[in-house]
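So that you can tell them apart, the chains are marked A, B and C in the order they are listed, and the count of residues begins at 1 in each.
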Amino acid sequence: MYVAVKGGERAIDAAHEWLAHERRGDRAVPELSVAQIREQMSLAVNRVMAEGSLYDPDLAALAIKQARGDLIEAVFLLRAYRTTLPRIGTSRPVDTGTMRCDRRVSATFKDAPGGQVLGPTFDYTHRLLDFKLAAEGEVPQPPSGTPDTTPKPHITGFLGRDDLIQDEPASDEVPPDLTREPLEFPAGRALRLQALTRGDEGFVLGMAYSTQRGYGRNHAFVGELRIGTVEVEMEIPELGFDICIGEVVLTECETVNQFKGSKVEPPQFTRGYGLVFGQTERKAISMALVDRALRAEELGEENTGAPAQDEEFVLAHSDNIQATGFLEHIKLPHYVDFQSEMELVRRMRREAAAQGDVVAGQKEAAE
Amino acid sequence: MTPLLQVDGLTKRYGARLGCGDVSFDLYPGEVMGIVGESGSGKSTLLSCLAGHLAPDAGRVVFDTRAEGARDVLTMSEPERRMLGRTDWAFVHQHARDGLRMGVSAGANVGERLMAVGARHYGDIREQAVDWLGRVEIPADRVDDRPRAFSGGMQQRLQIARNLVTGPRLVFMDEPTGGLDVSVQARLLDLLRGLVREMGLSAIIVTHDLAVVRLLADRLMVMKDGRVVEAGLTDQVLDDPQHGYTQLLVSSVLLV
Amino acid sequence: MSVQTAMDEAQVDQAQADRASTDQAGTGRHDPAYNFAYLDEQTKRMIRRALLKALAIPGYQVPFASREMPMPYGWGTGGVQVTAACLEPDDVLKVIDQGADDTTNAVSIRKFFQRTAGVAVTEATGEASLIQTRHRIPETPLTEGQILVYQVPIPEPLRFLEPRETETRKMHALEEYGLMHVKLYEDIAHNGAISTAYAYPVKVEGRYVMDPSPIPKFDNPRLESPAIQLFGAGREQRIYALPPYCRVESLDFEDHPFEASKADHDCDLCGCGDSYLDEVIVDDEGGRMFVCSDTDFCATRRALGHAGRLSGEALA
């Protein structure tokens, strides 16, 4: 009986065997390949890459397979792997202005140079279960027409030209690295954006939603949302110039938010910014709203005490790997602490009972 | 006699707007200074600058410290200023909830300042807390209750007890009776007057209520648009106001 | 006087040798897919710098760039990183959780280092050069040269009084610890006693207030030790330390002094009267037994012939 309390190596090994068995499921059903996941579960792959802070669709797909589809577990696998990778160098900042857009929409203008491109979106689908997908062998037609790959100007650039939106001066400053330095507060905007782009999609969405419902409202319009491919360039010291080392798909969202101004400064719109790996537009829009909410102090707005305006609150709780680990650790044995607490409660109860006896005794004596 | 506090050319701007401009005065031990003016006159800005809650743009605030004599508070290090804030200085907020810990008992609220300066005997701390609750007319059996369960007047009296328990030499008060019912105000004023006399406290009281200064303050400064427009003995200023604005203030009170 | 010191040293050695089946020699080889002890050398250097700073300022929480480890946050990532930064190939490692070597998480972490560092492992406290622990300090007194690494969930002792990191750092910097005593005052006012049973806050060298990690307060007196004690909080990115013989006082009031309490029983297996005990429910009627939480300590005593109330019964 006593042995049962102690876990032991055998129990762990047995659990791992069982887990592997469950992961495979019914042997009569063909096994999923990593390529299948990468190609057909691409939005899950994108989310895992974004929150895992590692752009590698094959590894992300493998992680999803190994994690039995638990995306946070998959993110965790990717992050742990990322820790072991040597850091060879740093890329140049990507230029989203040169993006080959699959999708590009603006909510602030009916049309603009470059046009509105819907791209592969769920937006106007009717959410009706498509039972044809349950039947096998269905191959949809490839999209007709040739994609327009010409670079499209940023919508906020048009506003900037007329000084209608606040300027964000470019800087050559090396941004801090959340994965190489401890997070300290107050955190600058660069650090906040890093934390948000790898933050849990559900958390960032919830924070963004709260700003729309009045907890730190900032009147956001989607100035532009673009999804597409950009080249990643790296300067090779031996060569003395930049070369392209690959391509990544990114989602970028720029919001145009409530204007500010004063008697001395004419009013200007303000900005929120979201940039996320892969096609992840819910996350990118959420990120832009939360980024803007976190700029309240910088822009001289009243701090209404809203959670989304609270840098410490948002940044300390956005990471799902930290959150899930700490949350789930309460399953680990805590019996030593519980024992100590139980002894204390017992002792305090004994003392309370003894006092009760004294009081009762005094009463009796008085009677 | 050395002044307890010497204020010289204190100025605070909010962008183009003047918070308070070129304010100078001396406060002597045992003296109570009233600062009156309507809202936006700069009196609260001045108080915040004096108490070190707000950094002024110019000026000096020299306090006669126990250990080292006259020191400019504004050039003190943060730890020194904080130490002053929990020993020789006290600050009574307009809203008791800003000056109390609403989540802990009345006893702990009073005891905190004692513990912050090193008191480590539970029985003694509690005894002093109960004693102070008595002095501000809070029954001893409320010592373990949280301030949330107290009336507004009681919360304010608790805040006063919490501030005075370490025997400060200078008390800043920001509209100490604001937001209370008239009958409650009268009782609190009475209590404050008793404590100020009994402890020989020096105090700076910001208020828009002339009745408060008439009862408590020895001297008076009248502020308008960030500047001191008139200063003098309280009775003199109230009975024979020289500045047009002061006259208006006094007459509007008399009209009531 | 502790029971341990009453034992003849040679006897203890023999008893531990008898139980040596739990020890495994180092293979001297680690999984070639990873650097020695998993972390790359740069990261280890960064952690060592933080450790040195922590030892230089006892009780001060040093921020460090915690890495994502292959075990979840909250499961000892801080301790694992500290251990990885300290391990050398000839170290002998012991890992305990709740005082026991065979609890699941202890087994898992021990296996991790066997695989990634190829070091020798032991269950004998006296044999280990480095001990990683969760929630306990071993009963057997530690000695000079040993390192005890604690896994820390929440390093900030003021966290549940003040949730904001910017505020708590200021409070430490300015030594403003009044709030800590407000909490203890409230405990006594409402419960008649200080109602903290574990993670009981301490003041280090008269300066920093420190969370000793969730050890039962019974263990607090042993925080003053000849060994080096290192605390790692991975998720919270903090490292702190107690150098050997550092002064560590548990916070209290003069008239409500700190008390290192435990269950009022002897160990039912080894009969020890002053070790920390686990309470084990043994049947449906709520029957209980009390056994040492430190499994190595208890087994060593039993090997020496000490017996408790139930040691005659067939338990194992």
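To be clear about the criterion, a residue touches a chain if its C-beta (ideal position, glycine included) is under 8 Å from a C-beta of that chain, and two chains touch if they have at least 3 such contacts.
Please read these numbers as outputs of a predicted model, since none were measured by experiment.
Trainee: Applying the contact rule given earlier, which two chains have the most C-beta pairs between them?
Mentor: Summing C-beta contacts for every pairing gives the maximum at A-C.
Trainee: Hey, which chain ends up farthest from subunit C, C-alpha centres compared?
Mentor: Checked the centroid distances; the maximum from subunit C is B.
Trainee: In whole angstrom, what separates the CA-based centres of subunit A and subunit C?
Mentor: Measuring from centre to centre gives 34 Å for this pair.
Trainee: Please report how many Å separate the Cα centroid of subunit A from that of subunit B, as a whole number.
Mentor: 48
Trainee: Name, in rising order, each residue of subunit C that touches subunit B in their complex.
Mentor: 173-179, 181-182, 185-186, 188-190, 252-256
Trainee: Which residues of subunit B touch subunit C once you look at their complex with the stated criterion?
Mentor: 78-79, 82, 86, 101, 104-105, 107-108, 111-113, 115-117, 120-123, 125-126, 143-144
Trainee: Show me the residue ranges of subunit C that touch subunit A in the complex, using the header's touch definition.
Mentor: Contacts found on subunit C: 34-35, 38-40, 63-70, 72-75, 77, 97-100, 102-105, 107-108, 111, 134-136, 153, 163-166, 191-193, 195, 197-199, 214-218, 235, 237-238, 261-263, 276-280, 282-283, 289, 291, 293, 295, 315-316.
Trainee: State the interface residues of subunit A toward subunit C in the complex, per the touch definition above.
Mentor: Counting only subunit A, the residues touching subunit C are 1-3, 5-9, 11-12, 76, 79-80, 82-84, 86, 179-186, 312, 316, 321-322, 324-329, 332-337, 339-344, 347-348, 351-352.
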